[in-house]
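Just so it is clear, A, B, C, D, E and F label the chains in written order, and each chain counts residues from 1 on its own.
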Amino acid sequence: MSAPTLEDDAMTRFEVPEFEDLPEDLQARISQETEEAGFTPNVFSAFASKPSHFRAFFEYHDALVDDTALDREEVEMIVVAVSGRNHCYYCNVAHGALLRIYSGDPELADQLVANYRQADISEKRMAMLDVAVTLTEAPDEVTEAHLERLAGVGYSAEAMWDIAAVTAFFNLSNRMAMFADMRPNEEFQTMGR
Amino acid sequence: MSAPTLEDDAMTRFEVPEFEDLPEDLQARISQETEEAGFTPNVFSAFASKPSHFRAFFEYHDALVDDTALDREEVEMIVVAVSGRNHCYYCNVAHGALLRIYSGDPELADQLVANYRQADISEKRMAMLDVAVTLTEAPDEVTEAHLERLAGVGYSAEAMWDIAAVTAFFNLSNRMAMFADMRPNEEFQTMGR
Amino acid sequence: MSAPTLEDDAMTRFEVPEFEDLPEDLQARISQETEEAGFTPNVFSAFASKPSHFRAFFEYHDALVDDTALDREEVEMIVVAVSGRNHCYYCNVAHGALLRIYSGDPELADQLVANYRQADISEKRMAMLDVAVTLTEAPDEVTEAHLERLAGVGYSAEAMWDIAAVTAFFNLSNRMAMFADMRPNEEFQTMGR
Amino acid sequence: MSAPTLEDDAMTRFEVPEFEDLPEDLQARISQETEEAGFTPNVFSAFASKPSHFRAFFEYHDALVDDTALDREEVEMIVVAVSGRNHCYYCNVAHGALLRIYSGDPELADQLVANYRQADISEKRMAMLDVAVTLTEAPDEVTEAHLERLAGVGYSAEAMWDIAAVTAFFNLSNRMAMFADMRPNEEFQTMGR
Amino acid sequence: MSAPTLEDDAMTRFEVPEFEDLPEDLQARISQETEEAGFTPNVFSAFASKPSHFRAFFEYHDALVDDTALDREEVEMIVVAVSGRNHCYYCNVAHGALLRIYSGDPELADQLVANYRQADISEKRMAMLDVAVTLTEAPDEVTEAHLERLAGVGYSAEAMWDIAAVTAFFNLSNRMAMFADMRPNEEFQTMGR
Amino acid sequence: MSAPTLEDDAMTRFEVPEFEDLPEDLQARISQETEEAGFTPNVFSAFASKPSHFRAFFEYHDALVDDTALDREEVEMIVVAVSGRNHCYYCNVAHGALLRIYSGDPELADQLVANYRQADISEKRMAMLDVAVTLTEAPDEVTEAHLERLAGVGYSAEAMWDIAAVTAFFNLSNRMAMFADMRPNEEFQTMGR
């Protein structure tokens, strides 16, 4: 298999490096992602411009999806709802695609991008998204009552931590994508529709 | 030297683990921090409750202060200005202490917690904080013009990425600290005053 | 051809009438739309519940697209940018589809739903959207300077009126769709992708 | 009776046409309004600059006041409360006058312009205005609970639709008046005081 | 002349005292105001419930109108624009009346209550109100540039202080009137129209 | 004892007068404050530039702390919470020092500057601060329900008035300090830590 090519316009405000110039561990990770997805998602090409951040960013991301009391659909629901409120084009589209795949629902991502309050979801997950969006938009308004509500609908202490962690991480991720003007690969547009 | 003790009330909404129960790499990192600071900053005790997140969080943090085109005073200025806008008690106090130490200025942290626009800082750093605060409060309003302004006052492309990265990371960090209700160690209160 | 069937779940908060019970002029309009689109867009089914509003709503809509100094792509760009800011699920999806068709660009609608400031559009149309979004979010902040900016990039007086009119009408339309919880037909999801 | 004269300064940002140059149906409507009111309200003079919009605007308006489950005082209360929140000078003054007349209360309009929460109104109408103002300022926060509250104080399904429709229409109307800088006729100032 | 009577409903949330029970200096001040105005403005009746606050409040008020580099029309313009933004019913109506009298313009108050940006005023006074409203709504956004703008249109250092002082005082005054739910005397409604 | 010296940089945007040039009553008050505090708090030096405002400002302040149903710790808690939300550097630091002294708690001021909702305070005082912050940020949202909540936790009618009065006065005070760019004396930084 030939080496992946990083798209020049993965982001518009910083230079995207050449694959060949990357440290070996980044090459390995990008090759694996490219093989699995069939293309190199632009967030890898963009973060590759600063390898120490690439490593930390994806280690954090991996922990959020691998070591979690949430199911993957819940993780992606939080990501899309948070990204919608933060107005992040890259994350709306890329994680919208992931959400369509993990949920098997072609409409849920567009609902969450627009307005999670009108999404067709359970009361439990509505509570989860209410907390995620409050923590996004007004973190100083989160009080004990929010944790009690999550407990009340059945989330464990670890699940609550994970809801906060996914929310917090995509508040980081949205800001990096928006600052660098990362652009979603066109492959994401039709995945899972 | 005896093993560090993690403060029970490092955070009020999740249980703080016992030092002895932690994986070896977390014990090593916490021991080192404790030796250097003379106490165990509560953020270590809090994140220790989820080791995979502990590792990713501090790897990211280390990259931000070790592999950067900014000087350490600039990093801490961003942290305190962002935490002030997000209303994060833990970060205001803990990073306020660090900023007093790195800047040698006992008043700068209180200025940035209150209102960075009235701080006694250079025009260059005012531009840096304007961008950091906009990226915090209204990331969708960041445009090419913000990057041009940073370039105009002398920041390199890498420094711009780093300004965004510190800002983005503390938008994560503030939210974790606020959700878990982390409490700053009392030692921070008087450091550098 | 058989009579159109109005989807029961065109909106969730009010009852959708039977096609057969509608006044003749509504039946005629709905039949024509259904023939052209291949399905009955749910906004017709929803407004049919109050015929006097149906008539006025679509007369206004028709004037906006038929008697205008803007081209149709511009009209739909305003609609999607405004609906994105107002968080309207129905309009994001239905007019996102129309925008993909009129612009021939499969990505523009997702850009405008997320953040018009990062869309790949001309300076002229960025000025148009800046004014449309300001008039949406803070109408009291619109001043003479906004009209001068539109004139400066080449919009005629009539075009300015039309920019305001499309913006104003979709501030009506978004609110009706959100209040009634109108749901986009699934056909819109893939149109033009 | 002589033909009405349209005030040149009915709006400051677009040209007001001559009465004689208007299509016959607009002349007829304006003549009738002028006869009833004793003067030509400036909103007619302003919309006359685009006849297709004039027709749709007033058809919608007429439907809202003629085919409604609300009484006229309720309609004007919504208009004034919404216009107050949107900061619309024309609508505050013109519909403030109408509200004084329909309610027989010289103070209610000034209360609603300032702060509907301190108005001397029934609990039922306070619920109506709470929903109208939420739908104006944060349409994405309207949920099923708002409709249940309206039902709880006695509004029928049709009345709820009408509350939303009046609110939505004046979100259109306010924006047109503010964009064109429409000016209320001085006759409105003292009507009903 | 008989003693003034304080209206029982000068405010709805605290008890209004009897004139006869007031300290002599309050009786004297209220008698004088009543003689001059022909009625007792309710703000006097309301503040009379706490004499120490009555004295300080009116001493401050008197300094603002007696010892000032602004003319009285400018003072009342600031008051009405600030009260409009803060949504204060009492101040809109009572100071709206004063502004009509001091300016000789029956429309200016309603313009400022609605939207000072569309008022018919000089560029100099528009600068004054821009600063007053920014200091009201986002005091942390006031910078040196605002003072330079005021100097540029001709305000002296003392006039700038006075602009800030009137703005600041009515941010106090609005909050007391709104908290106590003070009600404007009906005499204010028609004064100066 | 020698005469106090007013710090030249008590504020940066207006000139600070010479002590010798002040009216006798201002000299007396400043001398007394200086003797008690061991230094001249800069707010006295700043307000001395306009004696009529100096007198009214401190008369109001004195009434708030001398003639009150609140204890002094409550007064300073409101001041710091309000100043924190308004982003006032001078008041955060100066009244933070007073709060440390009156409460005997070295951490409470930093908690209130950051986020009163995470402060270690009784439910009664949390209710007090909820009302004070709502009255600061959204005075139009204060309703009868807020006063009932205060009554429910044990505040008398006079105490409620006083909570509103302290809040309102520091909405004045914050704006004057921020407009003039008053700077806290360095002595405040370490008081009570």
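Simple rule for what comes next: a residue touches a chain if its C-beta (ideal position, glycine included) is under 8 Å from a C-beta of that chain, and two chains touch if they have at least 3 such contacts.
These numbers were taken from a predicted model, which means no experiment stands behind them.
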**Prompt:** Both chain C and chain D are touched by which chains?
**Reply:** A, E
**Asked** Hey, how far apart are chain B and chain D in touch steps, shortest way?
**Response** 2
**Rotation, 0 to 180 degrees and nearest 5, that superposes chain B on copy chain C via CA atoms** = 120
**Message:** Suppose each chain is reduced to the average of its Cα coordinates; what separation in Å results between chain C and chain E?
**Reply:** 44
**Asked** In whole angstrom, what separates the CA-based centres of chain D and chain E?
**Response** 29
**Prompt:** Just curious, how far off is chain E from chain A if you go by their C-alpha centres, in Å?
**Reply:** 51
**Item:** Per-residue overlap in chain D, given as positions that touch at least 2 other chains
**Value:** 87-88, 115, 140, 178
**Chain contact graph, described as a line, ring, star, complete graph or other shape** = other
**Item:** Set of all touching chain pairs, with the criterion as stated earlier
**Value:** A-B, A-C, A-D, A-F, B-C, B-E, B-F, C-D, C-E, D-E, D-F, E-F
**Asked** Which of the residues in chain D end up touching chain E in this complex?
**Response** 84, 87-89, 92-93, 106-107, 110-111, 113-115, 118, 178, 181, 184, 186, 189-190, 193
**Asked** What residues on chain E touch chain B, complex-wise?
**Response** 140-141, 143
**Item:** Complex interface listing, chain E residues touching chain C
**Value:** 115, 117
**Message:** Taking the touch rule as given, give the residues of chain A at its contact with chain B in the complex, in rising order.
**Reply:** 13-15, 49-50, 52-53, 55-57, 59-60, 62-63, 66-67, 86-88, 135-136, 139-140, 142, 144, 147, 157-158, 160-161, 164-165, 167-169, 171-176, 178-180
